[in-house]
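The next part holds the structures, each set out as structure tokens.
Here come two complexes built around chain A, the first alongside chain B, the second alongside chain C.
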Partner chain A sequence: MGTSDNSGKTTHMTRRALLGTGAIAGVAATLGGPGAAAPRAMPDSWDEEVDVVVIGSGFAGLAAAHEAQKAGASVALLEKMQVPGGNSIINGGVMAVAGSDQQAEMGIEDSADVMLADMLKAGLDLNHVALARTVAEHSVDVYRWTVDELEVEYKDRLTHMGGHAVPRAYSTSNGSGSGIIVQQLAKLKELGIEPRTRTLLKHIIRDGDGRVKGVEVREKHAFRDPESGDPRTIKARKAVILATGGFGNDPAFRMMQDPRLTDELDTTNQPGATSEALREAINIGGILIQPSWIQLGPWTSPDEKGMGMAPSFVQGTTASYGVWINTETGERFVNELADRKIRADAIIATGNKAIAIADATGFKYAKGRGTKVDRMLEAGVLTEYATLEDMAAAHDVPLEPLKATIKRFNTSVDAGEDSDMGRYLQADQFKLVDGPYYAVRLLPKVHHTMGGIGINAETQALDVVTGDPISGLYVAGEAAGGVHGASRLGSCATTECLVFGRIAGQNAAAEENWG
Partner chain B sequence: MGTSDNSGKTTHMTRRALLGTGAIAGVAATLGGPGAAAPRAMPDSWDEEVDVVVIGSGFAGLAAAHEAQKAGASVALLEKMQVPGGNSIINGGVMAVAGSDQQAEMGIEDSADVMLADMLKAGLDLNHVALARTVAEHSVDVYRWTVDELEVEYKDRLTHMGGHAVPRAYSTSNGSGSGIIVQQLAKLKELGIEPRTRTLLKHIIRDGDGRVKGVEVREKHAFRDPESGDPRTIKARKAVILATGGFGNDPAFRMMQDPRLTDELDTTNQPGATSEALREAINIGGILIQPSWIQLGPWTSPDEKGMGMAPSFVQGTTASYGVWINTETGERFVNELADRKIRADAIIATGNKAIAIADATGFKYAKGRGTKVDRMLEAGVLTEYATLEDMAAAHDVPLEPLKATIKRFNTSVDAGEDSDMGRYLQADQFKLVDGPYYAVRLLPKVHHTMGGIGINAETQALDVVTGDPISGLYVAGEAAGGVHGASRLGSCATTECLVFGRIAGQNAAAEENWG
Partner chain C sequence: MRIIGKASLVGVAVSVTAMFVASEALHSQETGFDHSSLMGDGPASSVLGDCVTCHTDASVLPDAHVPATGMSLTECRACHSPETTLSLRGTMPLDHSHALAGVGCASCHGNDDAATMSEPATQVCQACHGSLDELAAATADVMPTNPHSSPHGAPYTECSLCHMQHEPSQNFCASCHDFEFDLP
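Here is the complex of A and B:
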């Protein structure tokens, strides 16, 4: 599985093209295939019994399985894809931690309250505050757990991510979430747990007494064929934990909530980031929270699939040492260091006519920090132009306004204040003067779904009718809603998934055995 | 039932205060009382049988009952409150119609396409387009139906509502939605149907085959006591139609989706605008669409309950002939004629430190058009000040900035262009020069919930698992989601409710009889 494996799209589109009549008005909405939605009755007998069933093997699912097993519960860890890791294994491997020893050594004052305030600001105050607070307050603990228990290795330098008041993000040594996932899998193996891949959650079984008591799955499941695989029922004597991620790669479901996000829009998510488990949880009474809030990454390119290589250059170089240009006007259109939502909205508002540019000095800077600019050039994601004139001609940018924009930016650099966009200028900010020039075309891609099943801070799923916890059902990670409100701050999801995954695993193991 | 009857709040708060442990993080979330959420099984026998069960007696429910009965179906029309009419009976009685004869007479060019474009613009393109299009395309038909079939009387003059490209809103002669509701009830009585009031929907009964087959209700129900009343089952041989309105008066449920909308915030909605029917529909497999989009009315006052008297003066006079002032800065803070969302967001951004003001000429204008300014003065909603100085002192407004603001506004009037806010200036725009001055304090109130159950343009409820219609279940009016996207344009809800209510009634009557 790679970030650019997005070939599932064709299959989805074909299936939707075949079925049109039941589609929601204006939205192609074939979600899960045929069949009535009535929740499954209790089976006469179970094929298998465990204490805790964990669905999903990203950060949250692996952390949940780890804690449940450590607490003495027997665990079945299920994963529908061929390989474990979900979106987590392809994420950037940065984790927000507020109040770390390393911050103290660097003289950075930070606290859970400051991190919470940052999360609420990005979330437009739509966050369920107690959930966001739980993430911030457990961030130091969970970081230490990854070091002490999982032996995760981090780079020395903390990163100052956009939207955060201070540098507080640890980065894994390999620059990827796989730096954590691989360690989680290794430690779980030592504990005797391996993910059962190609095992799809088909139904959550909730008894007439309101308790969740097990699951129906399909083993040897072939992804993209919801009916494939062998049926199997697993009794969960204590609890079921949903850690099934978001629905960023599920155009039909995301269009229900935001009809602009058609299947013509690419996503940074892995192919398995679909909604069937979320819908199943809703179908047995879980409450759906804030599904309209879907985050687009502003640093992606239409000239490659998925997350791709563009973000490292767009975000790492052009946002600080270049400018972003509306190709229709030749002008800048956003503070290139604003938060993700502001920047993605601004790109869309240009009609997706936007490029991120840097000059020769920026290119050199990018190369110096390890950005794979040569591979980007080869792949056609990044293009080199000898002069500004050449770039303008290639992207249909009106030349004189473009020149005027660059001139104003250079004047701002001299003045130490960005008069056009109020961007924070770097200590070593340089002017854009030297050709060749370099450009990446910009197109936002679906990155994170903030909505999900409503939970309390103990990660208990809440019932849509009563508002009370659904006995025997926990939800953690991107599958849960409300933590991030309108927009997730970068580097907070890793923390969230590990924090709530651990809480879910501990609480599930502590549940009473119903039978 | 009146617009200001909001006394249910105390009871809600008390109940929530008693229960805290299961509450969603940061949100007091006791929704419907105790009990497991599992959908009800089919009863051994039914207490009653009809073809179509209609729940709710606002515009949509009454239109649905009307059409179903006309098409030959037997109908049970249920209403939980003591009186019929829902929010519709207290609404403003304006209805958007695109392409009417009256527009043609006035030389106004309009079409369904233009109205659709207006709805999409206000909805930030989050509308389910086919639903919005259905409203616009049926608007002329439904207007004629209200005249020909219901004998509704309208004022002669079309109104140009904010956010609409042209004047297209009909107003009922009595200036209230009751002008339509009363006629609907009268005609239904002639057809032999009367709403059964105090009848609460308790459960929708969906059979194992996926079909909705009836309802369980409570007769002689006492609102605010969900367990009160006598249980009764009603078999729906053809279909159940949910026309149960929005959840604007349900703080616990609305806070799940937007935690800012606490129970300290008032609402323009009637006390019965709660979520239990919506939650029941979700619980039997209906898909919840766009619940985060909740509209606040920007024209309301904290000095009275509910919709109150303020809007007629705030919207009718101060938005066109006065200014809105941030009392902390003494400056204007929004185009007073912008759409509801922009203005409500702007008031909240001031920290709700905003007043709407007019001078003596504005006051005279308001009186001349029938605004009840004297009753407002008596009630303390409107306050008179002999001078600008007195007003500034009373509201803690810094005097010199206030004076400068008024001076700039007057210069704008002279120049014929609003330099501060770009507001459309009236042909007879006058300057603010004459005391006494008049002020209304502003505080947005929850007005409309755009989200609801996902439907197709035939008003069939969609299943969360399959995306296909739920056999035997229709949803119309504010209970359905997606028509208005992020923000409903004023006067479109009346049209929507009548259009989709009629479609639901016709389609329900045409369903096959299952048994």
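Here is the complex of A and C:
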């Protein structure tokens, strides 16, 4: 039997029982063995046929499925884990919007251009500008879409995230990305689509004519066993959309991109944030771009697992209303509102000897905004000290320099300008004067992977040989590279994933059927 | 019937002193028993009180234990009150507790035919155990946090993420948190 493969040549196929049953024709024999890099051949027949196959059930995948279905396409929505939502459902629910009504009400001047400038600055100008611009320019309408179409509820108060020129971040009412995901899932259900969980994308099928024509999946897949599940082929008459997220929880792949990020490093990501879908996209000729830019979160603590509770206090309170201290010098070591890369690098430069502190007023402020400070105290993530002296002793901080640091900070607050670090001072900035003092130890954890498959602003995946779009393949969300360059600004991913997910869904539905 | 009280999901009769030994044996046990024989006529519960029918190569109950054959979950609980240290929470698979309470294969799977069975939806569990809100209320004071109500919403309360029927239950939350739970 001869079947054309991706290279356009004819390859002789053999059926192999171990590779599955039924419609799967087999695999081109290669020196590397059946698992090694080689595109999967077209099957003799398909087990199932739809217009658009969406892989991944985070912000991007659900938005893509939503738009594709609304445009009249039939959709298969696949998710390898037992639960939908990926990193999106555990995300902090913070979303950047430039030029919102809320900003206007608060008298904050902002625009897509200012947001773009912030993204490029944090990204060290490595961002693919057309992609970053698309995010900034669509931020207002994607926000409106979440309100009008999805009925997502947000808090009234905007947050000022690190690296942003102005407060522009909305927060979901429940303080979690689940506030958006649960609404996306509910609306999709009304449209007749439910994610098929425990369904792993194994192969993207790209025909000899260069077009992507379907996928091979594993149903009833058990995440802990990569080879598990029953094989099934799904024909995608119009397109396949890869919305499979990042690879923050894949130490092996991570280390190939940045050997320092070993499996000893913790991560904030869900267990399924692994690379196999990206590898498959590379395997069929997608180009991987900027994969070494991996973001560490600067607000995590060694005293708990994963993301945990620390970030809400460290970022939400100490970065605006407290200070971060190098415990060896007693001095501040970074602008606490700088972007994540600068801050994480700065913490690492202290030898991870850094604490984030607030005083009694800061603690009250944190409580007021719903931070779970009591649970943090109980869990030992946050510690309380009656006096500055006690805190210094507990963390081995030289007392006099620490006192001098706090004094300088307070003088800065009076002067309305941060002389040490040039930090943006809040309208209601208060001085650090009242005990008890509170501290969180800082230790960066792997948080976001900026690299991914190269795409254009229409979310078409780009071919590694020609640089042109791969017909029939779209990539959206964290799986795509280039939007954020060297470092993603907080709150920009939610916006990005929803914006590009929608674009991918609309474009996929508009494709001509290939057969 | 709604079952969300503390006294819901646990209990099988073993003697007081030998309980811990016995439960350890249960967990590590390969019964070698062909479960398909339970699928045919009659409810699985008809044999379950009679442990040796299935656990042929090990004595599950200590020698001094009162005869358990034919006992229902309620009868087991006469001694093994879930409120006490005698509670057998986590010591046997939940399918056993269910079967002892008269909830056999078909009650959840809709039929007794292993070939066509599939995983029951969460709604099947809720028919007896109540709505998510009721569940969340029942475990509102559980430390370190309420397992049935989290910031992650309803998708993270699908029962089978944590409560397994035919294998030991697992703490799904622990894939990202250091929450320690004592799971039925």
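Everything below uses one rule, namely that the second predicted complex is superposed on the first by the 465 of 515 C-alpha atoms of A that agree within 3 Å, B and C clash if a C-alpha of one lies under 4 Å from a C-alpha of the other, contacts with A are read in each partner's own complex, and residues count from 1 in each chain.
One rule holds for everything that comes next: a residue touches a chain if its C-beta (ideal position, glycine included) is under 8 Å from a C-beta of that chain, and two chains touch if they have at least 3 such contacts.
These numbers come from a predicted model, not from an experiment.
*Asks:* Which partner chains sit in contact with A:E328 here, chain B, chain C, both or neither? Use first/second/both/neither.
*Replies:* A:E328 sits against neither chain B nor chain C.
*Asks:* Pick one for A:E149: touches chain B only (first), chain C only (second), both, or neither.
*Replies:* neither
*Asks:* Using the touch definition from the top, say if A:E389 reaches chain B (first), chain C (second), both or neither.
*Replies:* After superposition on chain A, A:E389 lies in contact with neither partner.
*Asks:* For A:A379 in the superposed arrangement: first (chain B), second (chain C), both or neither?
*Replies:* Only chain C is touched by A:A379; chain B is not.
*Asks:* Is A:D345 in contact with chain B, with chain C, with both, or with neither (first, second, both, neither)?
*Replies:* In the superposition, A:D345 touches no partner, neither chain B nor chain C.
*Asks:* Where does A:E219 make contact in the superposed view: on chain B (first), on chain C (second), on both, or on neither?
*Replies:* A:E219: touches no partner chain.
*Asks:* Which holds for A:I181: it touches chain B only (first), chain C only (second), both, or neither?
*Replies:* In the superposed model, A:I181 contacts chain C only, not chain B.
*Asks:* One more residue to check, A:P469. First (chain B), second (chain C), both or neither?
*Replies:* A:P469 contacts chain B only, not chain C.
*Asks:* Which chain, chain B or chain C, ends up touching more residues of chain A in the combined arrangement?
*Replies:* Residues of chain A touched, chain B against chain C: more for B.
*Asks:* Please output the residues of chain A touching chain C within their complex, sorted ascending.
*Replies:* Going through chain A, the ones touching chain C are 82-85, 89-90, 174-176, 178-179, 181-182, 185, 270-271, 304-308, 375, 378-379.
*Asks:* Going by the contact rule set out above, which residues of chain B touch chain A in the complex?
*Replies:* Per the stated touch rule, the residues are 22-27, 29-39, 125-131, 133-134, 206-211, 252, 256-260, 276, 279-280, 282-283, 285, 287-293, 451, 454-457, 460, 462-470, 482, 485.
*Asks:* Using the touch definition up top, name the residues of chain C that touch chain A in the complex.
*Replies:* 144-145, 151-156, 158, 160-161, 175-178
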